[in-house]
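What follows is a pair of complexes built around chain A, which joins chain B in one and chain C in the other.
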Partner chain A sequence: MEDLSFHHQARSRAGGTRQMAIIGVVASGNLEVLAERVLPETECRLEIKTAAEGFGEVWDAVVADFVERYSPGGLKFSINDGGARPDTVSLRLAQAVRLMAEDEQ
Partner chain B sequence: MSVADLEKPSVERARATSFYEASARARIRLLLDPGSFVEFIGPEQREVSPHLKLFDLPEQFDDGIIVGHGQLAGSPVFIAAQEGRFMGGAFGEVHGAKLTGLLRAAKEMKSIPVLILLDTGGVRLQEANAGELAIAEIMRAVIEARTAGVKVIGLIGGRSGCYGGGGLIAGCCSALAVSEQGRIAVSGPEVIETNRGVEEFDSRDRALVWRTMGGKHRRLIGGAELFADDTVQAFREAALELLETTSGFGIDTLNAEQSRLEDRLQRFGACRDAVEIWAAEGVPDAASVPALPADQFIELADKLRRIARDAR
Partner chain C sequence: MRNWQQGRQARDARIEAGAKLAKGKIVEARDATRLMEAVIRPGDRVCLEGDNQKQADLLCRALLAVDLAKVNGLHMVQSGIVLPEHLDLFDRGVAKRLDYAYSGPQSARIARMLFGGKIELGAVHTYLELFARYFIDLTPQVALIAAVSADRDGNLYTGPNTEDTPTVVEATAFKNGVVIAQVNEIVDKVPRVDIPADRVQFVVEADKPFFVEPLFTRDPGAITEGQILTAMLAIKAIYAPYGVQRLNHGIGFSTAAIELLLPTCGERLGLKGKVASHFALNPHPALIPAIESGWVEQIHCFGSEVGMDDYIRARSDVFFTGPDGSLRSNRAFCQTAGLYACDMFIGSTLQIDLRGNSSTVTTSRIAGFGGAPNMGADARGRRHPSTPWLQAGREADPDGSALLRRGRKLVVQIGETFGEKNAPLFVEKLDALALAEKLKLDLAPVMIYGDDVTHIVTEEGVANLLLCRDANEREQAIRGVAGYTDVGRNRDKKMVQHLRERGVIRRPEDLGIDPLDADRSMLAARSIKDLVRWSGGLYAPPSQFRNW
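And then the complex of A and B:
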């Protein structure tokens, strides 16, 4: 297992009012993303625990691209990764932001 | 907007959603009344397994089981759902404790039924002792809850089926609904083959696996009260029906269950294969059962098999 941590400044606050959302499961080639609205409005943090070691640079690129595209200000993402490919990671992060923007169910 | 309007899209989605394919969270969301679910010990509390990191294995924030309460057709229920894709839905220490706690809460409340969406390969090998203890605690908690007057309904239709200790827990429930995909057994196909040889059970023979452990067979031999099509809505309707029809629990129930099982052994004990059992049950074209669509199978099963409502 490898722990990774990223901290970014976001352009703006993430949409919606939901405090917490979770998407995905921890399985081979999959991951879970827990999003929590706990940070100042222009900050974004990601804490990752991954089963696939040595991919820090790829995570760095995927995370930077995600923050640029979705501007998830105020959100902290906690990730348990079972060795997902970068496209799956991007998809789950996007789903998590989308869920946070929806109303409480 | 009326309540009926609000509920409509949810029913349509539940009808269009495969129970087998859905995540544990999606199953709960679509099975219960819209927006009614409240989770206990949610993922934000990060109550993860204390054992997995010793094995350098990834954790899941809910340890593969979601527990909480909600409403089913306006009435309160407790609900637990295992996530069959995380470690095969297997029971570990925390995973098991969450279900035990839910059942004990139900026992205290006395009147609120419990739905358990089992989706499990059994005990997690990395925390085997804790997992085996959890199975024993859950079985006890199910029986104690039932003794206190609580109905405990098992719903089985996930990708990991219901094996190992999960099969034992299923056997303790007040009633079960199962889909074709929802296999129920204790030893799984590979376990039987490993221990008894390929002549005894060829785990790669999928047709053999389905007709020995699959939902249709379980329904036909009375191991499950209801057969459900593979949609979340079908399981919702099955849960409602079972809550309606399941009776109380006491020594009479256990005696009735004992004679049901003795009768079953006597009638089918000499059969070599599930197809022989179905033929002995009076299925006209027994070999055609695996290929029957759900609605036709339900019609056939309802005609053939009276469910021993006094047993379990």
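And then the complex of A and C:
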């Protein structure tokens, strides 16, 4: 196991009003993402627990591109990773932002 | 005075020796090894029919059991090294030298045996190449083939898996060779004559049907969102703008996803009738929904597929079938069709380097080539024009004279940036090079050469290499779709951005595709059972694919 943490400034606040969302599953080659709207509007934080060690640089690149593309301001992401491939990580993060963009039910 | 009939006399002597074990042409299975010892001479070139799918397994075991004092040091010339017994022949010393095309299931062991010097390797070929050499410098003295049934004269019915048989028999029978067939049954009248009796000298009735492997069945249930995304990208960025009607698909999950998206995504894009209508392709079960929705006009097949017989029989407007109603496949003709009459090949690979060379060889596995290099290569002898071929030629050479400019076949490599066990698809140096150095080969086993590749599709986007004007642009276009692999992360960001502005690289958003829409609900069938339903119950999947 390895713990990674990333902190970014986002261009703008993530859309929607939903406070919390979960997507994905903890399984080999997959990951679970918990998104919470708990940070100031232009901040974004990701806390990652990953089963695969030594991929810090790849995570850094995936996270930077994600923040650039989706501007998830105000969101904190907690991730349980079962050694997912980078494209799967990008997809789950994007799915989490889309869920948060829905209105609170 | 020179004797110009030595080959014929040798052949007659072999037949005479074998005839002592036969009643007419029929030899009992228990005498098969004695037949081998009677007919085969030490050092003979032997084609033991090992096709992509169909295996002459009884004759293989019979050959393996020969007395080494009588039969040894054979030169095997066969397209597929598929059964463990194919390699046992070399371990035992029955055979010594090998020329072949494909060794999928035995890829690890064949690599070990080549390193250990157990096999003297001629070359690893493509199918067409090996077939061609059957007629020039690798003509078999003896062919051991497989068919479904024979009559008492020796007329053979191959069933849907005709595959390599006509080619092997043609080369052997008309150049003083001896043809021995194993058949599942001897009948009074064969359903159709695939091989005429005068080309067959001996027939052995097997105790059980020859082995056939279901190689082309992809369970829609195992298709991932990433594969769906790459499939959507390919349809929008390649099938649609080039209007590709005549094509060949590889056997991976990404192309299975394309087949299952035609009736959904393709239909919404208004592409029906405009793309994917004529195929050189095995009967892929994943194509059933597209066929049933009226997309596909015609398919010529290399081989068949387990469970598809009744479906094919009921869809003779689409498939090539005999007067008996069953499929007639033919690997040599279908390979030729794929090479000369198709405008696109699209398939997956294991490694792609910075020049676009691709290989399925790793340092511990030599899978061989099969047909991919013929499908995935520009046919330099092609002379007939077609819209996609001319358009690709124009993109590669916009300033050339239209009347003198060669067209280009679309050769598309599709895959996810990371494959099984997170192995990167993109590498600085192919494992094939390390292998060539280790085995001291004259030529590294490259499946598709970079100068033939026109497009690379990954979940990151589509790189159109036709539009690259120099090696550096080409390298950056490849890096630009290589995602988070080392190759991808070492891209020149500015140059990749520039290539994107020129349309050399197109991201999902450039094509109006939201990666979040790549959902399994888009597949026309999401399980094997769905495919059975689409077929109206005609498709009978093999047991390993039934989970109900």
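In this section, the second predicted complex is superposed on the first by the 103 of 105 C-alpha atoms of A that agree within 3 Å, B and C clash if a C-alpha of one lies under 4 Å from a C-alpha of the other, contacts with A are read in each partner's own complex, and residues count from 1 in each chain.
FYI, a contact is a pair of C-beta atoms (placed from the backbone, for glycine too) under 8 Å apart; a residue touches a chain by one contact, two chains touch by 3 or more.
Predicted model, so just to flag it, every value in this text is computed and none were measured.
The superposition on chain A brings chain B alongside chain C with room for both.
When the two structures are aligned on the shared chain, A:40 is found in touch with neither chain B nor chain C.
With both structures placed on the common chain, the touch criterion links A:62 to chain C but leaves chain B unconnected.
When both complexes are overlaid on chain A, the residue A:49 reaches chain B alone and has no touch with chain C. After overlaying the two complexes on the shared chain, residue contacts for A:91 are found with chain C alone; chain B is out of touch.
Counting residues of chain A touched by each partner, chain B versus chain C, the larger count belongs to B. Of the two partner chains, chain B is the only one touched by A:1; chain C is not. When the shared chain is aligned, chain B comes close enough to touch A:82, but chain C does not. Vertex at the C-alpha centre of chain A, arms toward the centres of chain B and chain C: the angle is 70 degrees, rounded to a multiple of 10. Judged by the touch definition given at the top, the superposed model places A:30 against chain B, while chain C stays out of reach. With chain A used as the common frame, the shortest Cα distance separating chain B from chain C works out to 6 Å.
For chain C in complex with chain A, the touching residues are 225-226, 416-418, 422, 459-460, 483-484, 489, 515-516.
Of all the residues in chain A, the ones that touch chain C in their complex are 52, 57-58, 61-62, 83, 85-88, 90-91, 94-95, 98.
Residues 1, 20, 22, 25-27, 30, 32, 34, 36, 49-51, 78, 80-82, 104-105 of chain A are the ones touching chain B in the complex. On the chain B side of its complex with chain A, the touching residues are 23, 25, 29, 34-35, 37, 42-44, 46, 53, 56-62, 83, 85-86.
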